[in-house]
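What follows is chain A paired twice: with chain B in the first complex and chain C in the second.
Let's look at the complex of A and B:
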């Protein structure tokens, strides 16, 4: 028993110490370990969050918004034909140092070339390092977009495109557009340990990397020479805490200031807690039910509209999302610019749906299939439950749905091949540009194996999609996107289900934390009182 | 004795081979491969999928993959993690001490409380004390670890503010790991309060992980004690007028401990299974959590290497227990 008593005493002593933790160090309870610290190699938000304090991009999303703003490029001009973008780089930007490496020069065009050529040039000395996947660079179609990237002088970069593309600026603000130090890369290559480049990051960001212990902790220190001014914090710590309940407990105790992803079950208590500030915002995503227009009777617009009316969306939101979702009307979430507020969703009206089906010549009861994904996704906590509820709704109008699912990779492949009649999926936005959502309904994506699961190709919609891609004027683009939302609602290739709602609990003493529409966790500009 | 040792040692070889093969096959039976699991809604183009599969050697027939794997193993190469691109053996070496440290303290807790519980229950056989102690043991045995862990966190950390919620040491302390055992590293660092901070972080996870072994040990101690207490030599000891403490502590308990030691040795597997959940709740950077993540992300090399290393260790622990038993019990070592 004396052992236990002594342990208890030690415990109490340590508890006293922990409350006296550094006043100006912000602790973020994150959900997992990063794969490495080079965003171009990664695909998970966890890894991006861990690298972001250290780095900058040419252009960046203004914190808390989807607006593209200057980063390491202080300005840029687009040529009249829309094919050439010239970036003017910021001068006097300093890189961090490590124990072994001290930069001899400021940031310049060579660093930009290095960062993109590593991804795009298969013969680049760093291309194959750390697996060399570069999923986002490829997924965002960069090899097909960029004709060349040239250094005009130390502080000027010229990017030539193969065709005009307005969303590319938003692409460059994504994490794969992170700018690394070419000098550091050379240094490590000469030292014979290029792999370290992705493990010990050196950037121009507001925090420099201090250390990482897998599955435990990542430490950063504020970088006093940051080009946009030193951060109000002295330090930043990611305390890796995989369980949401444990994260909440740590937040309650003040062991962390900001936490990732609360349990929906804890939200009510968080709202009541005097020490916690609970922010929320619709996520940059959509869950939808695609109707395959290549499979009759879903080739008929009226049938698709009838399905929209047959499904009790409010019940889905209430039962499945439990407060962490909001009903979706348009194919883009309301946090994206050009969202059309004037569009009205279909009302829930099974009787009218039945009539419309009869008018469209559908003989009920009719057998259909309804696919649901086997996994939880950010926009859909339980696809199976949604499918079951939809199945019950559809049965009321005479459509007997057989539920179908496959393993995730296989499921996605078969949907993209258009094997389904009705199939659930969703999308999480990459760069906040409306094009990044609307392309899902474009004709190019309607090919077999493409991402337009409804295989719906509408000329009015597609013409606008292509036109908007080439325009640089935001007002003109907005008008086109607004019209496209009207067309999409009328034509109804999807049942737009929901946008998940993202919650971000922080301690009250945290000031100026902004919730990101991208689900990012950003700490530059945040302070602690 | 030597023949027994050699026989047991030789038996471990097919066991380890079987383990190697089973892990290799099992993870490949789970649908989805490492490349596809990584991609989201967008999917991946067939060309890129092929390229990555080729890079990882997944395009080869499974038999070829297996022999490549075995060949690499014999040259001491456990492969490279698909996720972190670091050698599996290095990741294992970083994380394993945390699991070992946690398991050690869990065992200390289990023995420290389990043995006295068993002894008391045996001495008070049939009484309220016996029933309640064995009730507690049964409760501990059937407790879902996740629930139990969270319950303790909410009570001791959040409500009473006695222990930290999770982690291995207060974030205040920052030193490079030397041994990987936090208590030792904290002591080596010489920083004031580091050791007590590390210990305080161990309390709840060790209690949670130690609960099941505690129950097993308490029950085993009780039945072993009951058997021994009925022996003639105990009655003789009592008749000699020895103090109850000497009778129980020196004569009965020492003999009763033989099966208890076996039980303790065999809890290795239980500890590892429990570590997966315990490590998740308490953000404990050990191998349990690492292995689970490797399954989720189909990190074949990490999973194969990790499971092989762990199970080999378990096989040797069991072998050790076996030999220990043989050493103390001649009936075992002479049996065929």
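Let's look at the complex of A and C:
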């Protein structure tokens, strides 16, 4: 080696070391692998979290709040009749580039049209790519709501609604409203590999996608040209760690800075830990047991009420949530407006439940199935344990439950198809509007494959749901929602289990991390000391 | 016709030491003499017998119903620890079930899995192995390559694949573990049978006109049994371990079945806070597997003294 090459090598080495020392990379121990990186196709927080660093929406929730703030739309105006919303788009917004694709233009109205038409237009070239199921778009009733979406000029979009809709802006801030690059989509279509669109994401977000290994790691790099300014971090890594104990161990050792869902059993130790900052907030969520009304005997209201009475909810809260949750009475958490305090929950009364089952003509012992998620969720620390306890409770009234579970993606798909009798799931609100919870029991979502797992379609309930969407007066909406809570309790399509308290442990060196009321994990604006 | 060359070859040695009268002792007695020399093996035989008794008579020994959840006594520590109670000698688990009762009933599942896996794979192994040795040709090659194929995949991975296809349950666990452990029996039996079938006594049997079936299963098979028995004894513990591993991964017996592996898995999060929930199922697996392994070792020593001295 000549002197010159040695010098060169040394310089490169030194340069490499110094960047490594200065590089601020935040590692987030996440709970599972995303299905893909297109939020419109997905329904889980796991997948949304993974796509969020890369993308923006027209309007966004300010981090850590439920406030709608401008995103890719700089401003918007709503017409007096509430039917037309005109968005003024931000100019000079850059898209990321990949190895193969370099954007030739900035963000404009075509990208907005692409992102929504893909979901709404069955003839769109991308509509059928990657399964083509747009659960959020459909379950939020968007196909029936949007009359037209037009490009006025490059930086103006006009959205016309069929009827006034109170939660529309909050809805657009949800993940299915993510704006993709139309140019990238065309590029991939020409290259003959449109599926890659959902696997290698290109967006306008604060971080650009670097790579993803299933069940192992997702890597992002800070995007220096981000429209709201570069992130204070240099890189972001999602270390996929399904086991909560392993996540905690990694956090303790400094292998990750922020972790998803701690074990309730570990909370006491986390509070003591000098290196860990344990943040908590009442969750905007509900864990429930859905009873499939298409499967007898759960088509009978009395049977569903009996199941409600057979389950010892207090024991679930005490032993599974271990105090980090409160028993749920209504389908919405008490922190959300329109919560009806007057609704009384069913008392725990196995004897009465037995009588009601007999009165409803159920011959006991009867075999039923009881599904539990294979993963921990923010609203449910251990679905299997809840299932085991419910199984014991149900056995006392003569319902012998067989416990069933599947891989997480498969599990939800089968529940949505209505294959279960009793199935656990839950919901974390994603826009702070009560409608965002109640739609889960609406008739639109009761279609096969929809998110109304009970397939329960009640006219009184659904009429009020649709009416409340059209109103803008909060008092009137509150009245309707309060009535809906009474109906939902009486008809009992769910056993409402609990609203959890969300805990988020971070390392002390993490600055400005905020718990999202929506259970999001957002890292733009977070820094490390 | 020698009934069992392995045992017969052992008999003269004991004869020299213990039976100067010249009459060799009964083969079973000779076997016991050799076996009893190994104290560890005898002790583990005791443990295994005790386990079987406990498993069979589980309702007699278990203080509680293994499925009953005592909601007031969730995570009660073992009796000798402060806060424990003699009602729950080994404490209770995360939903208040008595751990001792669950372990006792769990012994049923673990032993049942262990023995049924070995029984099924022995039967299949004998049929495939002996027929492969005798028929030879394309059939033998097919059987051998199929076994090679199974052996080329790590056992646990193959188990997981099989269970993922046919669905998790106790029966399917047994099927999966049986498939995975089949090759070792088939190969062993085929090799031993091939070595035996060229010996003069087999030719003699053929010459007097014994049918092919008779030669295979009456003449040759008994003379292959010694190594098979040893392999089977060791196989029980392997099967128990494999089933526990599947249970731990949530692919074996489904809740609330008190299978040891799944008990271990469901209690994992309490490893720091409630050590007894994790420790006792783990100890149960350890003791059982260790005892069966030692027993298998003792069996091997007794059945094959040549191996013992080397």
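The criterion applied here is as follows: the second predicted complex is superposed on the first by the 304 of 529 C-alpha atoms of A that agree within 3 Å, B and C clash if a C-alpha of one lies under 4 Å from a C-alpha of the other, contacts with A are read in each partner's own complex, and residues count from 1 in each chain.
Assume a residue touches a chain if its C-beta (ideal position, glycine included) is under 8 Å from a C-beta of that chain, and two chains touch if they have at least 3 such contacts.
Remember, predicted model here, so these are calculated numbers, not experimental data.
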Which superposed partner A:359 touches (first chain B, second chain C, both, neither): neither
Between chain B and chain C, more extensive residue contact with chain A: B
Contacts of A:198 with chain B and chain C, given as first, second, both or neither: first
First (chain B), second (chain C), both or neither touched by A:245: both
First (chain B), second (chain C), both or neither touched by A:417: neither
Touching partner for A:130 - first (chain B), second (chain C), both, neither: first
First (chain B), second (chain C), both or neither touched by A:255: first
Intersection of the chain A residues that touch chain B with those that touch chain C: 243, 245
Chain A contact footprint on chain B (complex, rising order): 31-33, 36-44, 48, 52, 55, 82-86, 91, 94-95, 112, 150, 153-154, 157-158, 161-168, 170-172, 174, 176-177, 193, 196-197, 199-201, 203, 280-286, 289-290, 293
Residue ranges of chain A touching chain C (in the complex, touch as defined): 243-245, 263, 265-266, 268-269, 312, 315, 318-319, 374, 382, 384-385, 387-389, 391-392, 395, 402-403, 405
Touch list for chain C against partner chain A, complex: 67-69, 71, 74, 94-96, 250, 254-256, 266, 268-273
Contact set on chain A toward chain B in their complex: 3, 7-8, 10-15, 17-18, 20-22, 25, 27, 32, 35-36, 43, 130-131, 133, 135, 138-139, 195, 198-199, 210-211, 213-217, 219, 237, 239-243, 245-246, 249-250, 252-253, 255, 377, 407-410, 412-413, 416, 425-428, 451
